[in-house]
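A, B and C are the chain letters, set down in written order, and residue numbers restart from 1 in every chain.
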């Protein structure tokens, strides 16, 4: 057992010994696989489609489908099925009014959200800190109709915590950002890791569990209440 | 199963017919040969009445399934080789056991992959059928002059269901029996717990499984349990009787033969 | 039973360099078998557990039946199998790609050849960072490598935050099911566990108990220095780690603590994000009957410059621990598993004995294959035989793994490795020798059938005894008829040899008589 103080910092840039381990590890895999394995990785190589896949037409470009009325209707229906409180509104202004009324009704002392999402109507209660806030607000980058999901990317302004830490959370979703399936969002993600934020979250309803004697309980570690405003116009 | 009367059972004669009959060989299976000849007789009777000229290649003994499933591939291959030879000249092979038919269709190609018998195995697999499957899919039976009053349930057998894909064929045949009400099991897909050597190697678990199957059968309130595989039926009936129930248990062929009205 | 636990057997086997003595191997597997029988007996004799197992399976099957009936379901499974298979076929390349992309976004990658290396690396890192408290979200691999005890031995508090794992951690038990670790525990037992930990009665209501767990663990999330998670999938093209969860603890564990460590099996990769489509369609439906789990979280590197939350450091520990051995072998497909749990939910044997009887990290049909491959067949020699080969697992498998066939293959390996009592081999060889000789077969039937008739006529006194004892202990044996079918056929009706029927369809039997 080596003295921990003399162990190389595991987070140091990989030097001699670490890359020997890495090479040996990869070599063990390579030896088990086909002998003519190419050694240089092909960046962003997707799995080539199976020959029989030609019968299936490629899915239409997401933008063309995004505003389809039935996509929105399906999204709203699926949200309802997940126990999400959803309101369809005409514009961002109406969504904001809706949230102001909700905050007043629930007497929430604070609303946690990114600075650029804040507006006069909630400025008095606005906080950047998600912890201890009763409600967190995020703008959805995308949504998925089939599963009733909202998709949020983290950024310098948008903290992961806004959609995670408070017991109640809400999302403003522009109708044109609702895509039909999860696959549509996956295809919309950038192909370079460096173009991705550190966190992209698909959120489908409130947190839940059935681990306690198979009894379904809503609101575990993540939020127990979810609100969505679907805005016809952003 | 009750012991049969002492007189030897007659082998039925085929229905007189002008057209060239379908020729098929009966696969009696080792279990059928030793313990359930009556099922083979019933199968031959039904097939004959349907215009099939049935023969019985005497070279057949066991397809090797018990050895194969227990991990003894060499012994299985040895038995299977003899089996291949026994049916080499058969046009069709009809098995009274779904799992044995599955052994030929699924197990033989695996056993003989890359070996000299590979082609023969594939050829035999292509001509081997389970009894109900043959009646419905090959003979195209849509009606039968069979009657039997009462209510029956059906145990499909795992290999028959999953390896052969035979599920609705026996149900359709039962539906053709006049006067017979079919009540499906609540859990028709649940294994009866036989599993070959499993019933011996893991006896306690096997018994627990067959108990659940017996409970399911009793819950339907039927007076007849029908099956396609004598190993499963032997297992379920054996437990039924030990638990004191007199419910009748029959292979599908027996039900059709016994209820046949000329 | 410490001496015969799988973990200790694996360790003993590794320490002794693996026993090559056939007799001692059989002895060890016999002891293992006895222990298995005891565990199975316990499960079989527990009516409450039997009820939980039956109801649990029926419930999940009912939830997923609609999804499985959809016409595109088989296509989705085919696609999952295709993506996973294609990834495994070039796993060396994808692992390299993944690792380099994790590093490109500021993460660190460690390649652990085995459990010991993986454990050591995580502990060393924790010690270097002065970690006092670790919060963990569900990870079977950390269970597999035995991480928690080693962290605890180093004086670090480890808290499982997945509710089911939290419960079994309090109970000091192993997880019972891949997705539902505490499903075997009744509500009042959980109440007792929570109340003891809380120093007060938490109440008998599931919601109140969940509230207790939430409040307790919330403090831990915020106080922890390190979060350790598994990874449902790694995306090679971007270096992303994807978590598929319901409770939110996965997100907490991977967002709040300063250091995030991912421990993942080397096979848990897909090439690109779009390749996850079929998997994300199938996994929640097959596992819990949902269109989507509450959270699907894609983590790419630690927090970026300017981001206000997220871990400052991300470390990915990629674990081999025997997986590379499975590549290129007849068992390679087992690495395609997406951990949906569907096989556990349909297995008729699991339905009777539950997860603990397997004495392994991975249980049920997938465990019956994966555990022997990871730990060595000698450590789990009975698992491949604890199956009736009904094929339900193969039928439902999300990744089209032919589990029943792999279980059967393991039986062949067990026979070859001398882990099966020689009497079986001799018996089957003898059986085959007779099967090759139809005349001998027929002659033996002539001798055996009257004996069987005699034994069944004797009936009750022979129950559980004699050659039929294994059968008659619990079942009646059918009284055979007077002759075999072939004997009957050979006799036939008298008019068969008459002039009308010569050469007719029921002519003389073919082949040897």
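Here is the rule we use: a contact is a pair of C-beta atoms (placed from the backbone, for glycine too) under 8 Å apart; a residue touches a chain by one contact, two chains touch by 3 or more.
In this text the structure is predicted, and so the values were computed from the model without any measurement.
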If I average the Cα coordinates per chain and compare with the overall Cα mean, which chain comes out closest?
C
Give the label of the chain whose average Cα location is farthest from that of subunit A.
B
Cα centroid separation, subunit A vs subunit C, in Å, comes to 30
Please work out the Cα centroid separation of subunit A and subunit B, and write it as a whole number of Å.
54
What does subunit C use to touch subunit A in their complex?
52, 55-56, 59, 78, 82-83, 86-87, 89-97, 99-105, 108-111, 113, 121, 124-125, 127-128, 161-164, 167, 180-183, 185-187, 190, 206-207, 209-210, 213-214, 217-218, 221-222, 237-240, 246-249, 251-252, 255, 266, 270-277, 280-281, 288, 291-304, 306-310, 313, 315, 318, 320, 324-325, 327-329
Touching residues (chain side subunit C, partner subunit B) in the complex
37, 40-41, 44, 54, 346, 348-349, 351-353, 384-392, 394-395, 405, 408, 410-415, 420, 424-425, 428-429, 431-438, 441, 445, 448-449, 452-453, 470-471, 473-486, 488-493, 495-496, 501, 504-507, 509-513
Using the touch rule from the top, collect the residues of subunit A that touch subunit C in their complex.
4, 7, 9-11, 14, 18, 21-22, 24-26, 28-30, 32-34, 37-38, 41-48, 50, 78, 128, 130-131, 144, 146-149, 154-157, 159-161, 164-165, 181-183, 186-187, 189-194, 196-215, 217, 219-223
Note which residues of subunit B are touching subunit C in the complex, please.
1-4, 6, 8-11, 13-14, 21, 23, 25, 28, 30, 32-38, 40-41, 48, 53-62, 64, 66-76, 78-79, 81-83, 86, 89, 110, 158-159, 162-163, 189-191, 193-210, 212, 234-235, 237-239, 241-242
